[in-house]
Amino acid sequence: MAAYTRFFAYLTVVFVAFSVAYATDPTQLQDFCNPMAVTADDFFANGLDKSGDTNNRLGSAVTPVAAAQLPGLNTLGISIARLDFAPYGLIAPHLHPRATEVFTVLEGTIYVGFVTSNQPDNRPNKLFAKVLKKGDVFVFPQGLIHFQLNVGKTPAFAISALSSQNPGVVTVGNAVFGSQPPISIDVLAKAFQLDANVVKLLQSKFCASA
Amino acid sequence: MAAYTRFFAYLTVVFVAFSVAYATDPTQLQDFCNPMAVTADDFFANGLDKSGDTNNRLGSAVTPVAAAQLPGLNTLGISIARLDFAPYGLIAPHLHPRATEVFTVLEGTIYVGFVTSNQPDNRPNKLFAKVLKKGDVFVFPQGLIHFQLNVGKTPAFAISALSSQNPGVVTVGNAVFGSQPPISIDVLAKAFQLDANVVKLLQSKFCASA
Amino acid sequence: MAAYTRFFAYLTVVFVAFSVAYATDPTQLQDFCNPMAVTADDFFANGLDKSGDTNNRLGSAVTPVAAAQLPGLNTLGISIARLDFAPYGLIAPHLHPRATEVFTVLEGTIYVGFVTSNQPDNRPNKLFAKVLKKGDVFVFPQGLIHFQLNVGKTPAFAISALSSQNPGVVTVGNAVFGSQPPISIDVLAKAFQLDANVVKLLQSKFCASA
Amino acid sequence: MAAYTRFFAYLTVVFVAFSVAYATDPTQLQDFCNPMAVTADDFFANGLDKSGDTNNRLGSAVTPVAAAQLPGLNTLGISIARLDFAPYGLIAPHLHPRATEVFTVLEGTIYVGFVTSNQPDNRPNKLFAKVLKKGDVFVFPQGLIHFQLNVGKTPAFAISALSSQNPGVVTVGNAVFGSQPPISIDVLAKAFQLDANVVKLLQSKFCASA
Amino acid sequence: MAAYTRFFAYLTVVFVAFSVAYATDPTQLQDFCNPMAVTADDFFANGLDKSGDTNNRLGSAVTPVAAAQLPGLNTLGISIARLDFAPYGLIAPHLHPRATEVFTVLEGTIYVGFVTSNQPDNRPNKLFAKVLKKGDVFVFPQGLIHFQLNVGKTPAFAISALSSQNPGVVTVGNAVFGSQPPISIDVLAKAFQLDANVVKLLQSKFCASA
Amino acid sequence: MAAYTRFFAYLTVVFVAFSVAYATDPTQLQDFCNPMAVTADDFFANGLDKSGDTNNRLGSAVTPVAAAQLPGLNTLGISIARLDFAPYGLIAPHLHPRATEVFTVLEGTIYVGFVTSNQPDNRPNKLFAKVLKKGDVFVFPQGLIHFQLNVGKTPAFAISALSSQNPGVVTVGNAVFGSQPPISIDVLAKAFQLDANVVKLLQSKFCASA
């Protein structure tokens, strides 16, 4: 039993030692990152020919193919996603804390845009936006807020390439008004120039739609 | 004249060639990045003992000391800032697309928090928040939305360390409701579950306060 | 005139100073890398809905959307490409010295594979291969030799995401047998266990097809 | 028992596999690096309002807030420290093998400087030094020897930001004259142009003060 | 027994957590990467004064000193190798997916070269080649195909520095014609403009020589 | 003339824009970093078969082959050097702020060592040292103080690989006692536990030997 206990202690040491940096988008050190038996299926995913389920409030769906879905991407610094839009469907303003996104329209007409970071001279943040058609490509730089809206009467879809194996997504509305626990109403009312009751209403809406 | 024209053409080639990557947070290649005559003043800045001007809508001020202010920081991957708060002053929800922030309270009592990226299982984004006193330190990871609110009756200030020579700031309200040109009302009304008139009102407020 | 000469001398100094590292796939230092007037078109490319011209010996075409085609990708560490295949068209064994590739089939049936680096114990290099259909995704890790063959009777196409703004392509046959000037026949005959005349024949074929 | 043995063998494999690179200052792969239950306290440290104990030979104290003290800094590439000085207290010449330091004086008058690496043309290494007052900021680039001396009659303190979660400190005197085991006297006498007896004396002093 | 099972489950969690990025060529986070007892021997290797065994088809031998042979190299981003050549011995065209190589001739006369990646304008790939003598140095950039041939009547040897702790080697002939399982003959015949029977012959030769 | 002036102003803008990060040890963005006409000689250096001139106080010489000597190394993150030692010659304690060193003895018997950074628990810095013979290899991690002493009666030499195109060298004695201008005697006397007169003597010696 004592040996068993020491064993856990040993594991803990290993765990702590490695926890220092288990989360990096690296230059790879080996051909790929699957130490033991590997097959072609470790580098394979399928289903990107199928639309995601856009039957939701925003009318959109994201189908990621990142390291969590496709283990062969581990340590390779890249992932992709399929984005589906019902007619007038929206991917709400969001950002990727760890990736730039290259967005290619495969079907439909999509209005997209991103907003730059604060200007040094207190001029307003700039919006770069464009209506994209099939075959058009647009870039959303890392960490900047962007959105995509289907402006056509038919479903639309796109494929995005992202410069991280785990890009992360921060949807602004959800993070600001729907976090758990909620951000204090004082902060949100002052920041967004809203009445406290409007903030409460927004929080209840985002809480319900989470 | 033709020579002059060729000259500009040559410059353009040089410019394009180098524009490829003039914007990196690098491992340095030299002791520091000042190719010609350098003095101690290139590594020096002053004035962080003075409060910034908090006489504004939010009651806060940011005084950055980044590569633009202190050239010796070029290529070194780090910068700092002094943050001042009037009583109940707020630094509104924002994020740094290129840096983690380590925030140290030097005077006052400040409520701070950040919100994680979207959860894989559609649970709400998590808020990590805390009331900090003098001598307390808090970490805001890169690309995540965070805020700081003076919850005391007296002025407060803090120093932040940031892991980039040019961290960038995206203040969420300004980027979403105050961009130039504005994001389409369709996008914002749907994304934030707001009536179009409320969006218009917010846009006019943020436009005025820019 | 002397001033003009000094001017070029000055330019050369600037050039050399910056040539040290103008070629990096970096963490960005700014939102994006376009120092002066920027418009949405700097982040935009089009035409990926059109097939490339596959009327060539191999029956394939690559349409890159990298930093050279889409300046907004500068410093952002990612690019994409459209790959077209005539029936039985082939993208011959090649590698990307600076990027991992994530390959998604949008139309057709494509046999793909990559080969690992040399095994430490002198066992053969391993091939990971698979026949992909529409909606399937496969990963080719950085620097490893891979290929794609349309095994269907109809045209096929795919989109690839690549983890560099300028991934580079080394097509093995062209590099080995078609370089200018050619690699010495002694090297190639010994390396590939081929008769010198066969090497000469291959060199003439690859030279002609370049 | 055999299973237990195999278990250790398995662990060893895991250990070796991960030991390859557990120690990197990375771009993060997740919002932060705490795999299991996380609370706000994981991003929190306190006590930087208290002076360190400067009652020692040099009259100085360093209070680090790095990944070892504040686990939330793991993988985020930044840390800070509070530096305290008794009147005339000194932080002796030292360097950080993995970080640039941005030093801000919060109280007192401090003489600081760093020395560049060897000049290519055998001219002497250059010293960049300055007397700093409250609110002044100075940069010490990565890997260069630097020092800080309180030149006032009152206690002084400063906060430093460092561009690594674990910057490391090499205090020159201790490393050269106080290592365990000691560097051979032949090396030190010749390198520092000192009599062997002076070297022995220095070694005994640094050994005692360790 | 149940505890034992849970134990394996726990290990699997640890394993998966760390497998994300155990394979990076990093900036180091500590002086070196040996968490427990370390001695000088962890930074030591020997035997580079001995020739490798060149008694093989190509008349060459590679003796690597990388992280697998010298654990102290872990996380430090560099390794070396000794390369031996019998008279007319060849290191066949190959590439390192993760490293640039700096090659220094210590004895003999060696013809070396590398081939650039595909030219954007469909001009042929360029060969940069040179005959090197004792004391000469040549650079082979990361991911590019290169070779080394002893063109003298006497044995030759060299030392290479490589910019990764685990550079990897892809020998083109082996990867293309000797992989296990083999690449389909259709692919190779079309890619290399060879008759299917010649491909089969090559595959049998490379299979036998593996 | 005004145009000419504006021209310089334009150049200055270009210069400043690019000076942000011209100094990085990068992942390369192209095969190599020579934008215009390149020949094999850009990847070539010679003379490493010749001993450096060891006729100096320390009896040693360093012959670097870094980016300054071999332009083809630009952006490739690696360099080498030949190190020569007269009998009992010494390379004095020094460190490389930007590189790990892998040291291989080609002739002679050399005592080498490095000292770790400060221990967290105030135990002394650890020395890892060893006497090396021909064919032995030793690693000096980035930023740590190390030395090499020929302990044989005959000349010795070695080749080092370094993990940066411009590793930098900080020779401790020169930087501490020989900088220009000198570090204040107060700092050095207190730091090294030396009498002010001994410091002055050391400064005059290092000043003379610079």
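Each chain carries a letter (A, B, C, D, E and F) given by its place in the written order, and its residues are counted from 1.
Rule of thumb we're sticking to: a residue touches a chain if its C-beta (ideal position, glycine included) is under 8 Å from a C-beta of that chain, and two chains touch if they have at least 3 such contacts.
Just so you know, these numbers come straight off a predicted model, no measurement behind them.
Most remote chain with respect to chain E, judged by CA-atom centres, is B.
Interface repeat of A-D: among B-F, A-C or E-F, the matching pair is B-F, sharing over half of the residue-numbered contact pairs. Once the centre of each chain is set as its mean CA position, chain B and chain C turn out to be 37 Å apart.
Distance between chain B and chain D, defined via averaged C-alpha coordinates, is recorded as 28 Å. Centre-to-centre separation between chain C and chain D, using Cα means, comes to 44 Å. Chain D and chain F have CA centres that are 21 Å apart. Among the residues of chain B, those touching two or more other chains are numbered 11, 14, 17-29, 31-32, 35, 97-98, 113, 117, 129, 141-144, 165-166, 168.
Contact between chains, per the stated criterion, is found for A-B, A-C, A-D, A-E, B-C, B-D, B-F, C-E, C-F, D-E, D-F, E-F.
Across the complex, chain A is touched by residues 28, 31-32, 38-41, 43-50, 65, 70, 72-73, 76-80, 100, 102, 104, 106, 113-114, 116-117, 128-130, 132-144, 159, 161-163 of chain C.
Across the complex, chain C is touched by residues 4, 11, 14-15, 17-35, 67, 74-75, 165-166 of chain F. Against chain F, the residues of chain D that register as touching in their complex are 58, 68, 90, 92-93, 95-98, 111, 113, 115, 117-118, 120, 122-127, 129, 141-145, 147, 149, 168-184, 186-188, 190-194, 198, 202, 205-207, 209-210.
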